[in-house]
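Two complexes follow with subunit A in common, the first pairing it with subunit B and the second with subunit C.
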Partner chain A sequence: MVQWLARLHELNPRWLYLATGLLMIVPFVILIPMPAGTPSRATQGLYDAIESCPPDKVVWIDSSWDQGSRAENEAQLGCVVRHLCRRHVRFVVTSVGITPFGPEFAERTIRPIAEEAGYVYGRDWVNTGFVQAPTSTSLALVINGLARDFHSIRPADVHGTPIGDLALMQKVRTIRDIHLIYAITYSPAQEWISFIKGQFGTPVAFGCMSIMAPSYYAFLDSGQLCGVLVGNRGAAQYEALIGRPSLGTRLSMAQSFGNAAIILAALVGNLGLWAARRARSKAP
Partner chain B sequence: MTEPLAIWIGAIVTLAVFSYLARDNLFYRLVQQAALGVTVGIMIVVTWQQVLYPMWLTPIAKAFQGTADWKGAFWLLALAPGSLWYFQLSKRWFWVSTLVSGLFVGVAAGLAFKNQILLIMPQIGASLKPLNPLAGPEGLTYDSAGASLSNLIFLVALLTALLYFFFSIRTDSRVLNPAMRTGRLMIMVALGAMFGNTVMTRMAYLIERLQFLYETWLKPILTFHGS
Partner chain C sequence: MTRRIVWTITFIGGLFFLLEFLLPEQAPEWLGGIKNPLTPYLGGVTNFLVVVATMAFLLGPFILLRSHVGNLVRRRQGWLEGLVFVVFLAASLLAAALREEQVRSVLSVLYDALFFGVLMAFFASSMALLAFYLVSAAHRAFRVSSLEAGLMMAAAAIVLLGQVPLGDWLTQGLPKSLQLASVTQWILGVPNTAVQRAVMIGACGGAFVAGFRQWLGLGKGAS
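And then the complex of A and B:
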């Protein structure tokens, strides 16, 4: 038995990759109902902020992600847009600084949800497109500029329509017309916290990749951020809050299977290591 | 016709990247180089299409045509500081570029200073947390006791982690050494949490690709052949 276990220690890691990959496909083949768990304070904060949006204000979504972080950001955008549509909250979408593909990915995610909810482009939501800001300095200037005069920084929307011609944008000119800013990308810039929440007091929430979450918890604790959606887990919790399990829930399930595979692999690997050492010590 | 082709290209490229798990190979390196080239090319096109053309050239052109506000012509002035950057290519005239880079450094420093003040000051204020569980309006409750304990752990972590980064004091002190070791332990716990999240993110990348391969590429093929 010990000899057999010792062989596990020398297992080619490629078998492990294959097993983990196959295990993660299982939730896509067989639908397995799994609870999303109790929403964290970070998720609940964003939900509450949207719930408290007055009818005369809009939500500003900065959707600056593309294929590189689609794995988690897509679900984070979809669930929030679905909530906004359900509450009839109008929203403006920007893609500040990070990727020129941001507007296209945002459009692909938002349009089907908005159309399903009966939202009309230009009246209920607007995609203002990409604003280039490659450094933190230019990002700060752009954020400041948008907050003070939206129309001067984005004279046209993503389709080239003059922004003043869009019914929604005639009512949205400065940060005073915004109830909440929700920035979604791999790692949302801290300039949103300092130049929006710090200067104007407008609530800010983030949607980020799991890897970046620890750096934002301090801002959540201090009240500088009102909410954070952390990876697919955050999206799944949000979907549970709005009562509409969707992409986040499915990806979160696959992630649970992957986590289980890694824990199992760590246990088996350590067992193999223990058995190998034992076999060596008993060898003549 | 375009979409199935895009899906097939996506699937082949994904499999080429995954082939690296078996071993480094030509197919993988080809795809990697192509991705880099395409990204740079697209960035140039997007910069022209979404920034320079609509936000710089169009206002100037419209101002000269008289179809828009004449002030748009002032965008021509941006050419002067913009072109100064190119003097970095000359050893003799390099100093000319410092005129504009100095300006940018000044603006960056000013904004960074403001950014840090607006970011850090509320953090310092938020570090002052109540430790007394009896201080609340309802006196001692499970919630107030839990909150006090949480705040105490926060305070210990904050002070000991800060102490760990004092490199100008003796570390063999009987008082300071255990505190600094605790600080190191707290940092290790934080790094462990970060590593856990890193694994989650890497796994999310893999899941998204597996989902694409199975649901978008393979499943329609299997369904087509099945029917």
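And then the complex of A and C:
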């Protein structure tokens, strides 16, 4: 038995790759029903913030993600946009720093949902495009500039239309017209907290990758963040809250098995090592 | 001389943003109620910053282009990769700059093919490989050789399972406080938060000092 277990230590990694691939593909093919779970405080906080949006205010979404973090950020954007459309809350989309592909991915995610809800571009939502800000300092200053005078930093939208010609943007000039900022990217910058929440008191929420979530719990605890969607789990919980399970729910199922594969691999590796040592010590 | 010019611009820029941020939007009535005199210039100065940042962003492609064109012209090692780079750069620039939105044309097809067909596929493949690397690394490198390593593995396993529906399913029969999701929230909300705060306080102090030194021209290579 020990000899057999010892072979696990030298397991050919190809078997691990095959098992990982299968574990993550199967949940896409076969729908495995699992409990959605109670929404965490972080998810509920964002949901409540959108529910409390007054009709004369808009939500500012900073969608700064691309293919690298699409696996989690896409579902986080989709579920929130669906909620905004359902509540008839208008929204402005930016992509500050991080990636120049941000506006393209945002547009592809938002447009179908917005059109399905009868939202009209320019009247109900606007995509203002990418603003270059490669360092955290410049990011802070651009965020500060947008909050003080949106039109001077973004004179045109992503399609080149002068921002003043868009009906929605005639009502949105400074942070005072914004009810909530929801920043979605791999790891949203803390500058949103210091320059928006700290300076103007406007609520800020984040959508981030699961592995980056530990950095934000301190801000949730202090009330500086009103909510955080943590990976696909957060998106799945949000989809459950709005009663429309979709991408986040499906992806979190695949992620379940991916995470389980990591734990199993660590267990198998350690078990194999223990058995190999034991076999060596018993050898004559 | 060049350094002095850079330092002067840095100092004036830093002073502008600092004063604009610290001065109130409007002075109290007993001080005449004057508005912050720097705020009207904030948009212009921030746009200047965006322009400079964009110029810095362009340096990357220029340096790459110079290196690859050099390889290509002299037929040095890697000239084929250079050719691929130059062709894709030219095609992407052409398609992105000249295509008309909402109009189906050769350029828009080229743009979609390059952006969604090539770039996205490369991105997705390289990111998907991480899952296999992680599993392989967990098997080969994550050794429970001490109590600390054991604690770390236990915490990692709880958090990994507590953030996915599988964790809920595995522990749905247990009391709520013992379910993986609840334990995960406790780990993230209590010990993790304490450590994160300690790290942040230290890092922010360091960032403040580094920023101050840079602003005053005391940083390495500034004088």
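Throughout what follows, the second predicted complex is superposed on the first by the 284 of 284 C-alpha atoms of A that agree within 3 Å, B and C clash if a C-alpha of one lies under 4 Å from a C-alpha of the other, contacts with A are read in each partner's own complex, and residues count from 1 in each chain.
Convention: a contact is a pair of C-beta atoms (placed from the backbone, for glycine too) under 8 Å apart; a residue touches a chain by one contact, two chains touch by 3 or more.
On a predicted model such as this, the values are computed, not experimentally measured, just so you know.
In the model built by aligning both structures on subunit A, subunit B clashes with subunit C.
By the touch criterion stated above, A:Y17 is placed in contact with subunit B and with subunit C alike. When the shared chain is aligned, subunit B comes close enough to touch A:E72, but subunit C does not.
Of the two partner chains, subunit B is the only one touched by A:E191; subunit C is not. By the touch criterion defined above, A:M209 reaches subunit B but does not reach subunit C.
Comparing subunit C and subunit B on the residues of subunit A they touch gives the larger count to C.
Contacts of A:A117 after superposition on the shared chain: neither subunit B nor subunit C is touched.
Look at A:G231: by the touch rule set out above, it reaches both subunit B and subunit C. Of the two partner chains, subunit C is the only one that A:L273 touches; subunit B does not reach it.
By the document's definition of touching, both partners, subunit B and subunit C, reach A:Q255. When the two complexes are overlaid on their common chain A, residue A:L141 makes contact with subunit B and with subunit C alike. Listed for subunit B are the stretches 23-31, 95-103 or 131-139, of which 95-103 clashes with subunit C, judged after superposition on chain A. Across the superposed pair, subunit B and subunit C both touch subunit A at residues 17, 21, 24, 70-71, 132, 135, 137, 141, 199, 210, 213-214, 218, 221, 230-231, 233, 255, 258-259, 262.
Taken in their complex, subunit A has these residues touching subunit B: 14, 17, 21, 24-25, 28-29, 70-72, 100-101, 129-130, 132, 135-137, 140-141, 155-156, 160, 190-191, 193-195, 198-199, 209-214, 218-219, 221-224, 230-233, 251, 254-255, 258-259, 262.
Listed in rising order, the residues of subunit C touching subunit A in the complex are 17, 21, 39, 42-44, 46-47, 49-50, 53-54, 56-57, 101, 115, 119-120, 123-124, 127, 131-132, 134-136, 138-140, 142-144, 153, 156-157, 160-161, 163-169, 172, 181, 185, 188-189, 192-193, 196-197, 200, 211. Partner subunit A is touched in their complex by these residues of subunit B: 21-22, 42-43, 46-47, 50-51, 54-55, 104, 107-108, 111-112, 114-119, 122-123, 125-126, 190, 193-194, 197-201, 203-208, 210-211, 214-215.
The residues of subunit A lying in touch with subunit C in their complex are 11, 13, 16-17, 19-21, 24, 34-38, 40-41, 66-68, 70-71, 104, 131-135, 137-138, 141-142, 144-145, 148-149, 152-153, 159, 199, 210, 213-215, 217-218, 220-221, 230-231, 233, 236, 252-253, 255-263, 265-266, 268-270, 273.
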